[in-house]
Amino acid sequence: MRSPRILAAAGTVAAAALVLTACTPGGGSSESGSPDADATVNVGLVLEPTDLDIRTTDGIALDQVLIDNVYEGLVSRTAAGEIVDTIAKSHEVSDDGLTYTFDLNDGVTFQNGDEVTADDVVWSISQVKDDEGMQGHTDLANVTSITATDDDTVTLALSAPDSNLLWNLAGRAGLVLDEAATNDLSTTAVGTGPYTLKSWKQGDSLTLERNDDYWGEKARVKSVVFRYITDANAGINAMLAGDLDVQTAVDANLATQFDGNADIEIARGKTTDKYTLAFNNKVAPLNDMRVRQAIRMAIDHAAVVKAVGGAAVEQGGPIPELDPGYEDLTDVAPYDPTKAKELLAEAGQSNLTLDLTIPSFYGTSVATLLVSELEKVGITLNVKSVEFATWLNDVYTNKDFQLSYVDHAESRDFGNWANPDYYFGFDNADVQRLYQESVAAADPETAAAKLKEAARIVSEQAGADWLYNAVTLTAVRQGVTGFPTDSTSTRLDLGELAVQE
Amino acid sequence: MTTIQTGAPTPDPRRVRQLARRSSAARRGGRPAGRRTWWRALLATPSGLYGVVAVVVLVAAAGVSLVYTPYDPGAANPYDQWFGPSLTHLMGTDNVGRDIFSVLLAGSRTTVQVAVGSALIAAVVGVALAALGSLTARWVREGIAVLIDILIAFPTILVALMLASVFGGSLGVVIVAVGVSFGVNIARVSRGEIRRIARSEYVLAATASGLGRGRVLTRHLLPNIAPVFIVQLSWSMALAVLAEAGLSYLGYGAPASTPSWGRLLAELQPYIGVHPLAVLWPGLVITLTVLGFNLLGDGLRDATDPRVRQGGNR
Amino acid sequence: MIRFVLTRLLLLAVGLLVASALIFFTLRILPGDVAQVIAGTQSTPEQVAAIRLSLGLDRPILVQYGDWLGGLLRGDLGSSLITSSSVADELAEKAQVTVPLAVFSLVIALLFSVPLGILAAVRRRRVSGTVVSFVSQGLAAVPAVWAGLVLIAIFAVWLGWLPPQGFPLDGWEEPGRALQSLVLPSLTIGIIEGAVLLRFIRSAAVEASGEDYVRTAAATGMTRTRALITQGMPNVALSVVSVLGLQVAGLIVGAIIIEQLFSLPGIGRMLVSDVGNRDLTKVQGELLALTAIVLVIGTVVDIVHRLLDPRQRETA
């Protein structure tokens, strides 16, 4: 059984505000000039990892800074969602989808000087496969054996086809670590990537430095400093004052402060951040589909987009545009308060009071709007603002909630809808069957088509309401090029980052 | 010092002593200040007058908001966001299009609740600890003293944070956290004074004549310490309003379903560079109200202090 | 006297023990735990259980308390459940920001509150004194967040004189830059706290000016102001110091809001984030350290008072 594979609320607990993300290369203007190989780039981020242990600690804040930069896997994901070979020179999938063969690049070295061997790869993946305490463990559920067929080849055998496997191997499950290394993963890192982890000052910053012995194309800047700034205004000011070269996740309502500043450009990027108003589908009154639909129809999603400064697109179903299986489902539950009231009356719930549990770092603007919208159809919303740790305990683990609001930032996380034990409590046999078929599908097109069909059912059954799919703004200083701008909250591949003199 | 507005009120030991002195003098003999002169003295000082006016305006605003606000303070309409001040929207609108004036008007109810609620809790905690710390056996007294010192080391903000973790962020959390912290502080400040009164001749005489401890407490100690407490509580209310603002900034204040000044300020603060005027309003009403409670406390202190009145200083 | 000191020290030890229990068991009420935070939103219950086991969180709570207490007796504050780094080291690192911040704020507060407070007392019947009192009342009433925002808007964004946020990466390696970055935060706290302190000093000075020894000094030909300053000050100072002593830990943690607003990596922010992550060994170590500071200062102040104050000595 696949366990929930998703990232709900963006990672660390203490952080305020949200994170958006993106990954199309190329924010910033391309000014001609020679790159400055000695440059240091200061990047403002919002959410800080709680710990650097890539093996056990959850959190996209960790993936964001370390994967692709410090740690690499056999394969990796591009901004467009394609799989490309990294440590693997090439890979091959057998026709029955049960055997994956990876041919390794020569001369790949760890940052401590050790050479990467097929045994390191086998050890790394086996570790995750064998230890259920590790992040990514459930991603390898279908894998039955991991073997080094020769010095340069690693073969994975599967019990059943898994169309998600390559994608998952480009995440935590497929990272390659040094079997011989004895460093403390909590505070240090030894990977194969273009940057080394120089230091982590908890509560303040994390510094990467160019790995001069990198086996591939070397990084173009000397170092990158990530500064964790939770106060939105402080981030803007730091950018204006020149303390930062890049600020990610700029609040769209504040972006006008950069207007007229020829030195700073704002790039808009797509994300897979799904701001989800989750319903507890298992408990009354939300086990009544009419109530769930009424709530969806009572919310003016265009107004929600407006409230977040326009940095969002309406999303009518569980799959965002960047993921396979996307389809515009916004017409499934159009804004219609009159119809919403009728549905509520039909369900015998004309005077309803509901609790909304929301982690406190999301701010209250959207919650304020929800209270107002639902009041118009006769639903009184009690907002419970809690710490993320409390949310994890009450909502995620104990499922003790009615409505919940978090950002599901992770990409390709549709599996949650096929898992009745997930906190959504959504249990639909058709969706589960379609999802299984999608996983088992041999070609990507079939897989996507199945997901699309399933996503429509979830939306029509009003499994949740998707308030919006975030658009992320990145402020980039003139002369900085190659900074990713799509999905910046989940991955920041800085291989192309450069500063023109 | 107030530990940047989520800490505890700063006591004024001199006033504590004077008030108790005066009050016990009043009990023992003549009545230097009748109720009417006391009230008049309060209004005669500029600070007392401002304090009374500010608090009356606050309470009136809270009352009015029960029956009337220009717009529904909860009605968010993002299409109307960021209007400047005008005749239709006196203070403009906020980021989700609410009428700022209406939110502030309705928010005054929350402010009154926070101020009164935390003052009541502070009073109960303060009296209980002070009584336990002065009337009981020596080892209990010392124990209470140590406990108070420990509790003082627990900053209000952490108490609020822990309560919010258990119960979720809410007004109740703010009220309890602020109330308990201030109560502990008041107990610390008045401990010495209560002990002094407890050893005074008339209390000793009362005890000697067979009056029980409880009676001594209600007949002699509480009436004598009451003026001190009232002044302290007025200051506590000021700090409670500030604490609500501070806690809201950290995400532990009133929930989104309750209009509140602190939360409005917290929501709007990032926009100071874009819409400075919108950020001005909540800051201004908080400042004016806090000033009101503080000056009311000062006025009460001066009005109940015979030496100050006779000396004519303010 | 020796007996008094010994009693106070014994009380201090008892106080610390009580505090440790209070802190430890109160924190255990918090919902959620560190294992859930580490495992996050991709976790299975088995995974959370495995982490709990590896951290020793499955042991009886009294055993955990005993372990912690044992460590404390050896002078070990414990280590983080998440990163395993030493709590004492973390505190020492963050103190490099928070302690200077607290000290500068206090200095700024004292620098303007003492002279202005005395001025307000001496001239309390004149316009200047009333104006000083009133302005200080107004400043004391400003919400800290708002005051910080206004200072940032003026001195960092508009005039560009000072950094709007942050602390240098290399800490105090470049003292000039570190100092610069603490100016606005210290000013924010200093002005507000100073305004509060000013009120206190004013009334202490008014009190002192009515005392016999000041009157006597004034009668011998000194001006009232001079008499107040030379004769009354020691008493004013004594009462100010005892109030300040109480507030030290509060000042450190109270900086939470300011550290957040200015993105400073200090103790206050660390504490909030540790509570959020349910890194309880870290939180309890930090809280105990703060409590210890307050209790020790309280004890020292008590003993010093006893030594200095002749009245207390007599009645003892």
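All chains are identified by letter, namely A, B and C, in their written order; residue positions are counted from 1 within each chain.
Definition applied: a contact is a pair of C-beta atoms (placed from the backbone, for glycine too) under 8 Å apart; a residue touches a chain by one contact, two chains touch by 3 or more.
In this text the structure is predicted, and so the values were computed from the model without any measurement.
Distance from each chain's C-alpha mean to the overall C-alpha mean is smallest for C.
Set against the Cα centre of chain C, the chain with the most distant centre is A. Chain centres here are Cα means. That of chain A falls 45 Å from that of chain B. If each chain is reduced to the centroid of its CA atoms, chain A and chain C end up 39 Å from each other. Averaging Cα coordinates per chain places chain B and chain C 21 Å apart.
For chain A, the set of residues that touch two or more other chains comprises 16, 231, 233, 237, 387, 389-390. Taken residue by residue, chain C touches two or more other chains at 30-32, 149, 157, 260-261, 272, 275, whereas all remaining positions touch fewer. Within chain B, the positions touching two or more other chains are listed as 165, 266, 269, 272-273. Remark: chain A residues 3-9, 11-16, 50-52, 56-59, 132-133, 135, 137-138, 184, 186-187, 201-205, 207, 225, 227-231, 233-234, 237-238, 240-241, 243, 387-390, 392-394, 396-397 touch chain C in the complex.
Against chain B, in their complex, chain A makes its touches with residues 16, 231-233, 236-237, 251, 253-254, 256-257, 303-304, 306-307, 357-358, 360-361, 363-365, 367-373, 375, 381-387, 389-390. Contact residues of chain B toward chain A in the complex are 74-79, 81, 95-98, 164-165, 168-170, 251-252, 255-257, 263, 266-267, 269-274. The touching residues of chain C, when paired with chain A in their complex, are 30-33, 36-48, 50-51, 54, 82-85, 90, 93-94, 149, 152, 156-157, 160, 163-167, 169, 260-263, 265-266, 269-270, 272-279. Taken in their complex, chain C has these residues touching chain B: 11, 14-15, 18-19, 22, 26-27, 29-32, 106, 109, 124-125, 130, 134, 137-138, 140-146, 149-150, 153, 157, 189, 192-193, 196-197, 199-200, 203-204, 206-207, 210, 239, 243-244, 246-247, 249-251, 253-258, 260-261, 271-272, 275, 287, 290-291, 293-295, 298.
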